[in-house]
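In what follows, structures are represented as structure tokens.
One chain, chain A, links the two complexes that follow: it is found with chain B in the first and with chain C in the second.
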Partner chain A sequence: MPASEFGQLQRRLGAGKVLLRPSECSSYRYDAIQFGVRPLAVVLPETVEDVVQAVRAAQAAGVPVVGRGAASGLSGGAAPAQPGLVVSFTRMTALRILPQQREAVAQAGVVTLAVSEAARLHGLTYPPDPASLRTSTIGGNLGENAGGPLCFKYGVTGDYVRALQVVDADGEIHHLTRDAYDLAGLMIGSEGTLGLITEATLRLVPPARHTLTLQASFGSLEACAAAVSTAISAGTVPAKLEFMDAACIGAVEDYLHLGLPRHAAALLLVDSDGDDPAQVEAELKVVEEAFRAAGGEVRRARDAQEAAALWQARRSVSPALGRIRPARMNEDIAVPRSRLPQVVAEIQALAEPYGFPLVQFGHIGDGNLHPNILFDPRRDDPEQVHELAHRIAQVALRHGGVLSGEHGIGSMKRAFMAEAVDTQTAAAYWAIKDTLDPAGRLNPEKLLPPRGALATGPEVAHAGA
Partner chain B sequence: MAHAIDACVHCGFCLPACPTYALLGDEMDSPRGRIVLMKEVLEGELALEDAVPHLDRCLGCQGCVTACPSGVPYGELITGFRGWSEPQRQRPLLQKARRTALLRVLPSPQLFYAAATLGQHAKPLSPLMPALLKPALDLLPRRVPRRNRLQPFFPAEGPIRGRVALLAGCAQQTLAPNFNEATIRVLTRNGFEVVVPAGQGCCGAAALHTGERDLALRQVKQNLQAFGGENYTAIISNAAGCGAGLKEYPVVVRGQPEEAQAQALAAQVQDISEFLGGLLDRGELRPTLPASQPLRVAYHDACHLAHAQGIRREPRELLRWIGGIEVLEVPRGDLCCGSAGTYNIEQPELAAQLGQLKAAHILSVQPDLIASGNIGCHTQIASHTRERGSAVRVMHTVEILDLAYRGEL
Partner chain C sequence: MPASEFGQLQRRLGAGKVLLRPSECSSYRYDAIQFGVRPLAVVLPETVEDVVQAVRAAQAAGVPVVGRGAASGLSGGAAPAQPGLVVSFTRMTALRILPQQREAVAQAGVVTLAVSEAARLHGLTYPPDPASLRTSTIGGNLGENAGGPLCFKYGVTGDYVRALQVVDADGEIHHLTRDAYDLAGLMIGSEGTLGLITEATLRLVPPARHTLTLQASFGSLEACAAAVSTAISAGTVPAKLEFMDAACIGAVEDYLHLGLPRHAAALLLVDSDGDDPAQVEAELKVVEEAFRAAGGEVRRARDAQEAAALWQARRSVSPALGRIRPARMNEDIAVPRSRLPQVVAEIQALAEPYGFPLVQFGHIGDGNLHPNILFDPRRDDPEQVHELAHRIAQVALRHGGVLSGEHGIGSMKRAFMAEAVDTQTAAAYWAIKDTLDPAGRLNPEKLLPPRGALATGPEVAHAGA
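Then we have the complex of A and B:
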């Protein structure tokens, strides 16, 4: 019986570490996009041994285990699909910086920003910068293989992993590295469906010495997308290259009052960085010229403070959309850059007949777009929302893109997975899942296309980047 | 409340801004968690008594309001919920008695003075006192200053530039009478007549934020009477919590006959640093003498100034303007010091942990002086820096200005 197993677990670990009351458990059923079902119990482990005990208790009770960081994820990854045990890592926050090795050893609950802050004291930095970096945890970032603006130049979370400590479905502890079979790599982005990441050894790098920031506004989305293509074709690799459309500009302007150009159809934010100031300046010049040629109005940030404010604006886009409609269906498609102008326009046109406010923003530098359908669940038809979301996903696939650039699949995009991967690949996913979690107790109903629902969707074209 | 709850997109951006989440690391003691709990109680899915431990732990600091990109009016939400839920709650008898006593004694300068003087003598006995009284005693200063009744009117020095009314506050009249005296001196020196309207009372914030809506309403109506009837240049508050309270009046009496009157009053209310900062912006503030020696001043953002009223720039600029002052930023300055009205008394453990954390953060920048704009923070910070063996003085921003005007800084 689950209740007695978890009651015992509470007696073993202490009342503070195991939550059983409905009011407590209720708070662990959502992430930043979705509400799942109320867990039967919640464990707040402080050590890897606590995690082992928790996993074994769930095994004995025969119920699922869902890992959870700060639940700031945007795919439903941490929202339980079935009643079970939630393991919340927010109290596993030990962090060591090893400056000689240029490494950080972080427990799963360490807040993303804390890694960079600690590394900075040693003249190092940790580049992955998801918008929620003040809230999100390393464990959650690894589970979803989170990206961020800096990933265009510096790569995503997974690119900084040297080793992982993982607790498997049986409660065994493993130390996985990137050697031989890259089992650490297998865990990255697996959304807790193959094991629970309890600690990560992360690569740190020296930060660039100079950074310049500019903002450019455009009269149309097409002009904006074309400007990006031109700048990148010219050989520039900006540290960040971010895009937001008119609705996003309005929503963050309401929040931060920065004086953003409300009347523009699109806004780009660009960081160029490097150790040589002349080179940084030269790169930004090329970008500037490309943007102007496309009709952009370009303005450089006056100082670091203004640059910081602009980036805060960008990080706030997603939650600030709540000002427009209370709910949203968010997508996280990544398409070849060359297809961007067309993709942005197609999605725009697709949405119009539905009548929902549709906004687009994202890490346009690497073709990672976040089309968001905004709606009011009390007034709007969820079927319509889902249908539009599906068709947007199909646009991405048709242009040779993928469903998730950085948020993960979770439960939000799981329905589209059957179309996104071919039958053989899906079978390989399931073979791995069945090997590592034969009882199917690790975060069920996430990420993997449902068995037997494979490759019934439209033809998937493969376009070159 | 429904619109406020719906506005939350549960993104979690509020988590790092929440003091109790920082201490406890669990979701139900975070703003996002509390919003979900309130929603479930209101929808009948959760029993009120299951949710209240977590809702009671909320300081009402509104750090989450600053952090929220979606504009959720969390302050209104928790206040509304407390007002709705309090009458339905069963509290233990002793707790109930303490609450009633607190909400009766705090707003009355006479009663508070008597209690503080009595408490001062009992202070050495604090370790022997029941847990119910100990936190209150620990916060009292070693010496309660002599009581000083305020005159009803203070004339301006030099040509008259305006006429302001002063909200004298409750506890601070006893604990720190110099706050009002310094405020009056700085205002009159700048050419403002200061009126201390008779019949004014507690602003009502303490009652409102603890869910005692009827008491709060009575207090609000009393002040509408006391401050109404004249158009002042401004109604000045020098306690962040009270100023925020006055500005909240239109929400308290929403839909009642007093609403227009409350709006008129709220429009006149300014914190002393906001008012003086405005004069400074317009180049109308009379110059002070500079500090006699370079001073490192750690400025502490009171939650009800920074988060509730959005006042951050003015006090810092006023301090810098004095000359010879370097304003130091406190690490994690957005986090509440744990004082928060009656929180200190009702949640002594969390309040103490936050006080210790705040003292450590403030002292880490090695200030010569600590400035803040709220009596609650003042008492809390003084008590916890003292506990760490620090002799650094804690002063109200306006006290520092006052000293500078007198050439005594």
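Then we have the complex of A and C:
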């Protein structure tokens, strides 16, 4: 009886920590892209012991447990697929900076930006910068192994993890370091399907002291891709290297009238950073020359204010798209950089017959592209949206890419996973899942390809005994 | 019947690829620190398909499979603990550099240094620099997640892995990327106990253009540790930051008469690197000032030749120790940097009653310390050596450290693992092992704590169903 188990949990933890009313629980069924089912109960833990109690109550009730941070995710990772218990980490916000070790010890509910802000007082920073960093939490970032514009130079969330505290499917607490079997690494990006991350020890670095910015527009996708390749081949490692396609430029220009080049096929925004101004200037100069050589029209920001103005175009993509259609399916493919012109063109061609407005932007340094399908849920057929998203995923896979650059698989791309990984590797995923969560209670119906989609059983795990 | 299975394998692959004579197999039973048992057969694969055949032959014969690179490991990882098949990767040396992607695709047998040398032609480099990089292989480095002096600034082997090709316990081939469940990360550092890594896609970076070097000596361990802390707190990230204790200084000075300060309690060697000479100079100046403020006597190298002379002290540690006693047990603990003075002093005090000469050196930036117990296997009691090694490991654990910074656990520190990880985490290790290698044929008796050493059974995996 879930109700009685969660009633007991409420009595043990206190009424303020456990929500049981359907009206309250309703607010915990979605993330930024997907609606899930209403949870039976929501727990708001303040300590790791509260999480242990919650997991054990769900175990006793025989229902799923879904971890949730700020619910700003873009793949449905935190939206429950089945009725169960949601563990909302928003009150687990303890944060300590250890300047000598250059580490932050952050509970799962700490807001991403809070880590950088606390680190800054000690002359340090935490580089991973998902777009949602003002609201997203460290726990959610870890669950999806989130990236951001800075990840081309500085790496993704998982690259900054020294250790994790994790509560497993049985409510046991683990302290995972990165030696021996890297179980911490296995938890990162696993979307709460193998355990609940309750605390992370994160590596901090000294921030770059200087940043310079430029914007460039190109007459063709090929010219844009060639410009990026030339700049990178010349040894530059820009801190940010962002791409917008013609549709995206048009959407932002319609919205803000910034004077963006409507005739352009592609726009690039580049930050170069470092400690030495001359070195930063030298790097941006190489980038600038590579861009001009490829036919780009380049604008350099003369100061921080101009830099902010140039970046406004990129920052305004989300609200600009919201004006075109009320909803969007935000893809997150990553492909070898050399394939980008072809991939962008193929996806554009694919979308045309469907009639949905489609814009493309992303972190071009990593080949991480966000094709966004814009639609109106009151009018458009969700099947059609899903079909187009699926065909976009297939374009990525055909070009040697992967389904997710930084948003995770969640429920949104789960059905495509059977095409993304070999049968034997999918079977190994399931074998790991079955081992660490034999009852299948941790965030079911996420990330892993549906078992039925596998051609054969989990032979990796069982055939060899 | 192993003999007939391996005879068949020899007929299938060709006589040159499969060694069956005991005299030939004897050469494949050790690594740089440990003798194991003589393998029943040795296979020298040239392709991943050869590896598949080898694994299937071992499966049919019902005997273990142990992967082996250059056997330069320092924890017994490649020394077979049971009679079985050794897969020696020395002929799998295909290497491609993809300059556009900044990647190297290296088969397991590629020598570590060969990756950097091939990358250099394209203006790139591969930073991980284990001391054995002239002989060690990429496969061995991945198996132990090897580090080196550069890892404080640049990270360890695993930080450069984009994808792996792996042959599992059943002879199935996997192509593992770092998204979804990070099975590639799980393989790294698993010492061939979960699969055989046959090929790696490695990330390359532009090399730093300038390097400056200094050496500093200190009158006490505390002064040395304080100097390092001050330099790092000031925001410097030296490329290398190496430590030698008084006994180590004495051993090298006895050997080479370089004029090292025999009175010193500690010696530091520092490289600062970067693209901009002024920036590198500025960083080393901060380091220099921090060292002097802590009472260090500092010597700056004026040119590359002087830098090489300063580094000769560190490079000569191994031969210098070999002159004192013919054998050594090379520990590889890592502790929080702030604890180093205490840890070094405690280990020194521990060793005294045993009468073994003991020297300590290591990568102080990471808190990675190599206490070396020097002994004579003809005279000294191996039980005593092991007991001291165990007590040294316990010092590390007591100070919040780990058993291995860069050499792996192997057979050498396996018995200490039960003290290093919690029961529930050790059980999770075993649950993963049992899932991916149910017959226990992949490099048995390595890394994982002996099952008997666990207080309870693998409850993580089975209690919750």
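As a working rule, the second predicted complex is superposed on the first by the 417 of 465 C-alpha atoms of A that agree within 3 Å, B and C clash if a C-alpha of one lies under 4 Å from a C-alpha of the other, contacts with A are read in each partner's own complex, and residues count from 1 in each chain.
FYI, contacts are C-beta pairs under 8 Å (C-beta built on N, C-alpha and C of every residue); 3 or more make two chains touch, one makes a residue touch a chain.
Source: prediction; values computed, not measured.
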item	value
Partner chain in contact with A:Gly322 - chain B first, chain C second, else both or neither	first
Chain B versus chain C as contact partner of A:Pro336, first or second or both or neither	second
First, second, both or neither for A:Arg91, with chain B first and chain C second	first
Chain B versus chain C as contact partner of A:Tyr255, first or second or both or neither	first
Touching partner for A:Gly185 - first (chain B), second (chain C), both, neither	second
More chain A residues in contact [chain B versus chain C]	C
Chain B versus chain C as contact partner of A:Asp276, first or second or both or neither	second
First (chain B), second (chain C), both or neither touched by A:Ala428	second
First (chain B), second (chain C), both or neither touched by A:Gln305	neither
Parts of chain B lying in touch with chain A, wherever the complex brings them together	6-13, 15-16, 25-28, 33, 36-37, 40, 46, 50-51, 54, 68-72
Chain A contact footprint on chain C (complex, rising order)	59, 99-102, 123, 145, 158-159, 168-170, 172-177, 179-183, 185-186, 188-190, 194, 205-206, 229, 232-233, 235, 237, 274-276, 278-279, 282, 336-338, 402-404, 409, 417, 420-422, 424-425, 428-429, 431-439, 441, 447, 459-465
Touching residues (chain side chain A, partner chain B) in the complex	19, 21-24, 26-28, 30-32, 44, 70-72, 88, 90-91, 93, 109, 111, 132, 134-136, 252, 254-255, 316, 318-323, 326-328
